[in-house]
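Same chain, two partners: subunit A is paired with subunit B first, then with subunit C.
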Partner chain A sequence: MRISIELAVLLAVLAGLIAFAFGAERFYLQLFSKIMILAIFAMSLDLLVGYTGLVSFGHAAFYGLGAYTLWALSPETAAASFYLSLPASMAVAAVAALAIGLLVLRSSGVYFIMVTLAFSQMFFYFAQRSKSLGGSDGVYVNVRPDPTVLGFTPFNLGRPQQFYLVVLALMVLTYVLLRYVNASLFGRVLVGIKSNEARMRSLGFATYRYKLAAFVLAGALAGLAGYLDAAQFGFVNPGLFGWQLSGEVLMMVILGGMGTLHGPILGAFALVLIQDLFSDATKHWLLPMGIFIILAVLALPHGIAPWLKRFSPRAD
Partner chain B sequence: MPDSVVFFFIQVLNGVQYGLLLFLVASGLTLVFGIMGIINLAHGSFYMIGAYLTYALTEATGQLWLAILLALPIAIVLGLALETILIRPLYRRDHLYQVLLTYGLILALEECRSLLFGDDVHGVAVPAIFDYSIPLTGALSYPVYRLVLSGVCLALAGAMWLVVQKTRLGMAIRAGYSNREMAASLGIDIGMLYRLVFAAGVALAAFAGMIAVPIASVFPGMGNQILIVSFVVVVIGGIGSIKGAFVSSLLIGLADTFGQVYAPAIAGMSVYVLMAAVLLWRPEGLFGRRA
Partner chain C sequence: MAEAILAARGLSRRFGGLTAVRDVTLDLRPGEIHAVIGPNGAGKTTLVNLLSGELAPSAGSILFEGHEIAGMSAPAIAQRGIARSYQRVNVFPDFSAFENCRLAAQSRVTSSLRLARSRRDLAEKAREMLGLVGLEDTRRPASAMSHGERRQLEIAMTLAMSPKVLLLDEPLAGMGIEESRRMTDLIRGLAANHAVLLVEHDMDAVFSVAQILTVMVDGAVLASGDPESVRRNRAVQDAYLGAGNA
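The block that comes next holds the complex of A and B.
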């Protein structure tokens, strides 16, 4: 009973998001594309924070790497191949996550928060100082990646409506993939590590390897989100590595509800839409935004998703 | 002495001065975290508030010292009010919610700053009695105000050491750090201790902002900049350790200053490279206790 209700809600939301593509104005299509990109990013972080118990404050490192990889693969006046550049961006982010994960996973708790921050800050300062990466001014992806295969062009990323649908499809794919992962033995081990790592180790699981695998998967998905960001705006700058972005996506995960996959999506929508609402109303939108976050923490002890759940029919 | 040696010496002085200033901010952060168990992202905002109050009050009174004297109580009262309303409900909550709430607080405080003072960069003149430089060689000299600043920071660090190690209050603070429940059951008023520690942390961070104004000016985002570096200091030193905060502040101050001067291509990275190296060697920080 429970599962079918959940499925019905998910399908209804999906139908709504698809219908949105054909009814909404250009501005809202772009806004929602941006939100869904951040939702992919937030889901990838939730795999670490909500499922494995690894609070990363430097997840933007992989987002930035995905974005910069698209730029590096795009010729000055021509398009990069969509089918090559997208996996390449994810691969670069994954390899970096492997290298960084090998080091940072030696620490835990608050120290883990800070070491991950340190690594993302290194990327930030490297990009900011490096002349070949455009320095603090950033660089431009002049032509969007081209999905043409054998003379056939299935979609055009330059059209907001088609870009929106591609991002929606990738968000759904990410959601399904992570649901599948979390339901697998691998995912159960991650949850076990979160609640008691010593016990998992004594049960014979090589927890370090499991955490590393989660870190790499999360890094690759963050790279995907960063890639889409660069493809949408055509502009890449060191801010994509910045701690503000890492903080913002962490807020989406916590606010939405950790350890659920729809939580981060809700968090991304809530945070960006509220941001949009406030910034329309006043230049000083950060003030109501800050107050909103403070009140949300005081009023919703576990985020939006568990709060919404109270309204759903109970299975027991 | 050749100019290059004097130049090196000047950089050491600059690094130490920056490190000592960092220590004022980081020591409050490490105390609040070590004793109260609160991750306070808004700690840097108190640095910013101190700086902006000093700027505004110096404009009004014409006297830096008078401005600091007036601004310090304002900052402390504000800190205590925030502790009562917002931080206290967080004591028993997960660290993540502390991060979230204090992040919201950063946004709100930053925007209040923008509403009250605007987004321009402002400066405050160095007080006339310290507004000269000591000549070192023909071309190089060192501004006296920076030396005064270092001296004040050192004096404060010494006073802190005395309070923590040699007084009854310090004993209570150390007891609260090593075992909260035990300290409470021995009759130490933990709620009062928390308030005192938080107020002291706010006062130190705000004071650092105040005395830094003549050399660093006031600008939007200054609080966040110092916050991130202070976190690095706390983590390298070991959470809750004042001694660790002192040593790592100086390390970070020197690493940053020398990074800027001798390796400008990777400047800014040096601090984080140092942190990564230390944590890989000692995951609990230089003077931290094992988790």
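The block that comes next holds the complex of A and C.
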């Protein structure tokens, strides 16, 4: 019963988002594309924070890597192949996550927060200082990745509507993948680690390896989001590695509801749309934004998703 | 007498100036229930923590099937076939009894990443163990179960790990008389296929199930042997059992 209601809600939302592509203005299509890219990013972080209990404050490292990889693979005046550059961005982010994960996963708690932050800041300063990466000015992806295969072009990323639909499809894929992972036995181990890591170890689980696998998967998906960011705006700068972005995505996960997957999607929409609302109304928008977040956390300590669940017919 | 499957030799553990376990030597044989008793603070739980790898010994060795395991990690030791339960119930409160047990069964399959095909086997194993300990309603989350049921679940989880050695740390703690009796019967039955180290306060239960008794006081072994000789041991009477039990 519960499952079919949930499925109906998800399909209705999906239908709404598809319909949006054919009804909305260009500005809103671009805004929603940006939000859905952040939603992919937030879901990847939820795998760490909400499922495995690893509060990473440096997840932007992999977002930035995905973006810079697209730039590195894009010729000056021609398009990179979509089918090569997208997996390549994810692979670069995954390899970096493996290397970083091997080190940072030896720590936990507050120390984990600090070392993940430190690693992402290393990338930030490297990009900031490196002349070949464009320094603080950033670099441009002049031509968007080209999905042409055997002379056939299924979509054009330069058109906001088509870009929107591609991002929507990738967000749905990410959601389905992570739902599947969570329901799998591997996912159960991650949740067990969050609940009680010492007990998992005494049951015989070498928890480090499981955490590393989750860290790599989350890194690869963050790389995907970063890739799409670079493909949307054609502009890549060190800010994509920055702690502000890591903090923002963490806020999306917490505001939306940790460990729920649809929560981070809601969190991404809520945070960006409210930010837009406030910044349209006043140039001192950070003040109402801060007040809003404090109120939201006080009113919905578990996030938007668990709160919404109360309205489902079979909730206790 | 059978060869020991798990043997501690001169095992010690110090915490700063405190020696919680001092030069403990004991043998655990297959098919045997070996009870460790002693007053609070005698070092019984620390001993279990050393044997299960949750603590590294300061000195001494632990041989499992003839191989040194002292200093190995808890997961590595669990993988070899030593499972433990906890004095304070230690299950996953948000998981159902079934999920708790399946997770325990899963731990012995080396890579959970390629598990899809053994999913059914794990479910079967989990159900079998839950049935063995007598837990019927397995769909409820552990947080909604009674204390006694969670104790049963904890035992089912250790069994689902398919261990050769069971380290049971006060499995009867906080149980009612009827629950206690059922658990004692269960432990007695387990000895057929496992070597059991039983840390317990309930003297009636200990004397009714154990073949070997080791008495610890202040971290050290005071006496060890069959229940009758331990009962008659003068030092044990003075230190622990009291004249009434003699």
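Following the convention adopted for this analysis, the second predicted complex is superposed on the first by the 314 of 316 C-alpha atoms of A that agree within 3 Å, B and C clash if a C-alpha of one lies under 4 Å from a C-alpha of the other, contacts with A are read in each partner's own complex, and residues count from 1 in each chain.
FYI, contacts are C-beta pairs under 8 Å (C-beta built on N, C-alpha and C of every residue); 3 or more make two chains touch, one makes a residue touch a chain.
Just so we're clear, the structure is a prediction, and the values are computed from it rather than from any experiment.
Participant: Report clash or fit for the pair subunit B and subunit C bound to subunit A in the combined superposed model.
Facilitator: After superposition on subunit A, which the two structures share, subunit B sits beside subunit C with no clash.
Participant: Return first, second, both or neither, reflecting whether A:V297 touches subunit B, subunit C, both chains, or no partner chain.
Facilitator: first
Participant: Which holds for A:S202: it touches subunit B only (first), subunit C only (second), both, or neither?
Facilitator: The answer is second: A:S202 touches subunit C but not subunit B.
Participant: Just subunit B (first), just subunit C (second), both, or neither: which does A:S132 touch?
Facilitator: So A:S132 meets neither subunit B nor subunit C here.
Participant: For A:M251 in the superposed arrangement: first (subunit B), second (subunit C), both or neither?
Facilitator: A:M251 contacts subunit B only, not subunit C.
Participant: After the superposition on A, what does A:L103 contact: first (subunit B), second (subunit C), both or neither?
Facilitator: After superposition on chain A, A:L103 lies in contact with subunit B alone.
Participant: How many degrees, to the nearest 10, separate the directions from subunit A's C-alpha centre towards those of subunit B and subunit C?
Facilitator: Rounded to the nearest ten degrees, it is 80.
Participant: Closest Cα approach between subunit B and subunit C after superposing, in Å?
Facilitator: Least C-alpha distance after superposition: 13 Å.
Participant: Considering only the defined contacts, which subunit A positions touch subunit B in the complex?
Facilitator: Touch residues, subunit A against subunit B: 49, 55, 103, 106-111, 114-115, 117-119, 121-122, 124-126, 128-129, 243, 247, 250-251, 254-255, 258, 284-287, 289-294, 296-298, 301.
Participant: Can you list the residues on subunit B that touch subunit A in the complex?
Facilitator: Subunit B residues touching subunit A: 33, 39, 86, 89-90, 93, 95-97, 99-101, 103-112, 114-115, 228, 231-232, 235, 239, 264-269, 272-273, 275-276, 279-280, 283-285, 291.
Participant: So in the complex, the part of subunit A that touches subunit C is made up of which residues?
Facilitator: Per the touch definition, subunit A meets subunit C at residues 184-186, 188-189, 191-192, 195-196, 198-207, 210, 213.
Participant: Touching residues of subunit C toward subunit A in the complex: what are they?
Facilitator: Of all residues in subunit C, those touching subunit A are 52, 54, 73-76, 78-79, 83-84, 90-95, 99, 102-104, 106-108, 112-113, 115-116, 119, 122, 157, 161.
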